[in-house]
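The two complexes that follow have chain A in common; it is paired with chain B in the first and with chain C in the second.
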Partner chain A sequence: MKMALFARTLSNAVSRYVLPKYDAILSSQLQAIQTRSLPIVWSSTTWHQEFYNSKTDLVDESEERTKYLESKEDFKYVERLIPSLEVPEPPKHDSYPTPSGWSPPKGSPEGLPYHVRRTRYHSHPVSIQQKHGGNQIWTIVKNVDGDIWTFGDKLLEHLEEVKGAEVGMTINEYAKRVFYKGVFKDDVIKWLENEGF
Partner chain B sequence: MGSMGNRKALEMVRSMPRVSFVNIRDNPGSKKQKKIRGQGGSRGGESGRGRSGKSKRDTRPPIGYEGGTTPFYLRIPMFPFYKNFATRRQYLPVSLEKLQHLIDMGRIDPEEPIDVTSFVHAGAVRINVFDRVYGIHLTDEGADKFVAPVNLEVQWTSELSIAAVERSGGTISLGYYDPQSLDILSHPLQFFRRGQPIPKRLLPPKDLVDMYTDPSKRGYLSDPNQIKEDRLLLAQKFGYELPDLTKGSRRALHRLRKDPRQIFFGLQPGWIINLTDRAVLKPVDAELQEFYRA
Partner chain C sequence: MFSRVLQRVCRQSYVNNQNVQYVLPVCRGCIASRFSSSEVADGSKDSATSPAFNHGSESLVLEREVACPPHLQKPQAWLESLETRESKKLAIVDLHPDVFGTFPRLDILHRNIEWQKVYKIIDVRKEKTRAECSGGGRKPWRQKGTGRARHGSIRSPIWLKGGKAHPPRGGRTYWYVLPAPIRAWGLRIAMSIKHAQDNLCIVDSLDIPSSDPQYLEDIAKERYWGESVLFVDDKPLEEMSENFMDAINKIKTYNIISTEGLNCYSLLKHETIVMTLDAVNFLELRLMFFTKQYGSPDLRQDLPILRSQLKMDPHRGRSYSSKE
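And now, the complex of A and B:
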């Protein structure tokens, strides 16, 4: 009964819940979420249990409401729990590569006809695609700006040297992606780092 | 720009009426005609069931029937592969390599205690308690590369990962969260918006009590003195020098531990969060306080 009263004292306060600072970020981030350029870390769990049952726990409005203390200082513990909607910039390290093996782009030499952008998480845009239960494996390089054909041929030369045999290649110019048949993720990443991307 | 053909096509399109249902058609061959039961090619009359026989009269034998021999599904003895499958607990894996990467990239702050919320907000895991997920399993892949001194709380781990964390000057503990508490911990903002008081975290069930009271697994209900002894034993076993946590700037960080009834650091059960006014509301009533402190 008391818990029901406790909740009712706050029903007005909690009706509008969005932080003003959070609201400003939210509107811009909602647009970004629609274009699928940000991480979505919320899940759609539904643990909406009724705090009080309006049929059985009838609240007598004439009864005195329970008292409570308001604390603004303790809100700092809540602020820590609100997630940032932006991917943070990596902090500056004393030396690269970092213990996990990451290093920022060195910068490619001027005059290169192509450029490979990092992903929004600051990593190389190289991934493995498996189809038909793993019978078909491709290494994909995305975000290739500029002359994608020259880039594809150059990297193909290197991968054929690594493998010692022919390597299949497909270029999707419109999507700025290059596909290499086989597992070459580590080799491609090393090559991209050498190029300065 | 372009050839005469393109230019003519564009002019034609400009003068044409708006595209609507009236002037749209499926590509030839895209839609297959449904089978007709009436007087089709076979002259009909059988309702699509063919001439006399078991298929027409619905007297076919059951699936798996092998003409009289004992069917395969009766020959092979039953084995309970999926017994109690729906009640089994899942712990989502996060490797030490991944944790080190997240710290290097600034997605997890090593100066603050790390728990399930940090992993979810960094995007390393997506926790859905309705999949019977009971927390995070810290795997030992990347144990050689791990160097960050952290205050870590997970729900399952191995001896090697405990050693890797303690060698780099950190602490690790295993904490149990019941499904409701884990849901609240993984999605705190969603919970604060409900205007409900923070619930008490429940104690582990019978089959998990042994794990969470075991000092060698750094359980949160185990004796801290025994944990201290076990840290030395582990350092001797794996052959590294145990760093002294009582000295240094991170001393306060490594002492932070949650109460067994607490879900969030700094926030107690029974408190309600008011996001609009940026305040925390605490009950004053003695009965309520006694309930939430139990």
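And now, the complex of A and C:
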């Protein structure tokens, strides 16, 4: 009884979605289902072949396909969203230093035998290196072009004044770096800004 | 010999302040023949083909923007032409000091060349382990009582003709990728060295009148280029002039390379580098990009995507590849 009811509701539902020519096949199958009393196994192959439509039946291959034009006009809206790959130039402020303490290089006087270039992020190339668990601390100044020895000596003079005692210095001429033993990052940055770098 | 020349170069232009006059050491030929007897072309005659330079003033400096810090002195080179056998100097070209005049970091150059030599190696040596040696499945003699050392197999590593404990197992690769900024730095260093040693020649284009290889050899002899010459152009190989390619193919030591394939090994292997102005323009932008790009990888990942998927190159006017 339940089976017959199920089959009837199914056939009603199905007949709305199936083309008329398949209706006859389906209705005959459903009649067979209704009369059977044994449990039915729905085999996917029999169901697939007669129930589902294939696109090739509906589409007429001899018809011309609709043409289309490819335009790259709107790509400019994508282009402007692509983020910059290079570090941008900092914007021009009314007064320096900016609230964060940054100021652009003033420009060093001509004839100075050395020059210290800014990093790609427009900051001073001064960093702290710690070794042996913090027992050995060095302040490093990089990107020193020109005569690194006079630069090293001049800055050393200033740092020894600041500290009031001797300061250890190492110069790596090949890598264009100067190392000072101790924590002098702020003093070095101030000194570099005064020099115009 | 190489290092001594470099020391001389270093002393002259890098250790002393960089406002020193850029001195080119003499390598071969004589400087007098290069700069006095060779003709200097009057650009106004063939202004349609030659690049623009200052028509108003007497100077022959090419109008070329070089975005570099003002404290650095720009190295200069002659702009020559390959259209005539005689050396014809069209103009003077200002070069970027960080591309053609960096400090010669030989350790970076060494890293580049080692990488080029090593990363392609696939070691196919294979040796047997104790499991692969024939025999050795049976215990040679009983554990106790023979007076001899105890052994489990005649093919263990301590035995003669036994297997190796940790043998090479076939395809071992030495592949690794040197970071792009280090590779770009290496190129800058190699080109700086070539320019400092008077081995760099900048040319307006690689068009030659005939496809006779003898023509190129005569040019090289005239201009003291030496045995091997590497020609560098910005175009892909398919677009290069046919005359030139026919001539190059017949000479073993003259090679042509696109900027895409430019590498430190080739730059050092060939005695002279002949570069077009287009290549110089592109290389200055592309190699300096790596000094200015963001440090963190997530911000750097867009360039390869741009190049592979969108076929965009921010350092060229046209799209990256001619195939679209």
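Heads up, the rule we're going with is that the second predicted complex is superposed on the first by the 115 of 197 C-alpha atoms of A that agree within 3 Å, B and C clash if a C-alpha of one lies under 4 Å from a C-alpha of the other, contacts with A are read in each partner's own complex, and residues count from 1 in each chain.
By definition in this document, contacts are C-beta pairs under 8 Å (C-beta built on N, C-alpha and C of every residue); 3 or more make two chains touch, one makes a residue touch a chain.
Just so it is clear, the structure is predicted and the values come from calculations on it, not from any experiment.
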Requested in this report: Tell me which partner A:Lys67 touches in the superposition: chain B (first), chain C (second), both or neither.
Outcome: first
Query - Dominant contact partner of chain A by residue count, chain C or chain B - result: B
Query raised in the report: Regarding the shared-chain residue A:Arg80, is it in contact with chain B (first), chain C (second), both, or neither?
Result: first
Query - First, second, both or neither for A:Val183, with chain B first and chain C second - result: neither
Report task. Check the residue A:Ile128 against both partner chains and state whether it touches chain B (first), chain C (second), both, or neither. Result -> neither
Requested in this report: State whether A:Asp147 touches chain B only (first), chain C only (second), both chains, or neither.
Outcome: second
Report task. Based on the superposed arrangement, let me know which partner A:Ser100 touches: chain B (first), chain C (second), both, or neither? Result -> first
Report summary line: Overlap of the chain B and chain C interfaces on chain A comprises residues 82-83, 87
**Report entry** chain A-touching residues of chain B, taken from the complex the two chains share
**Finding:** 97, 100-101, 103-107, 112, 117, 120-121, 123, 126-130, 142, 145-148, 180, 183-184, 186-190, 192-197, 264-267, 271-285, 287-288
Report task. Sort out for me which residues of chain C touch chain A in the complex. Result -> 15-19, 69-72, 103, 105, 289, 291-295, 299-300, 302-303, 306, 314
Requested in this report: Spell out the residues on chain A that touch chain B in their complex, using ranges where they run on.
Outcome: 2-3, 6-7, 10-11, 13-14, 16-19, 39, 41-43, 45, 47-48, 51, 66-72, 74-78, 80-84, 87-91, 93, 98-102, 121-122
Report task. Please give the residue numbers of chain A that touch chain C in the complex, ascending. Result -> 82-83, 85-87, 107-108, 111-115, 117, 120, 145-147, 173-174, 176
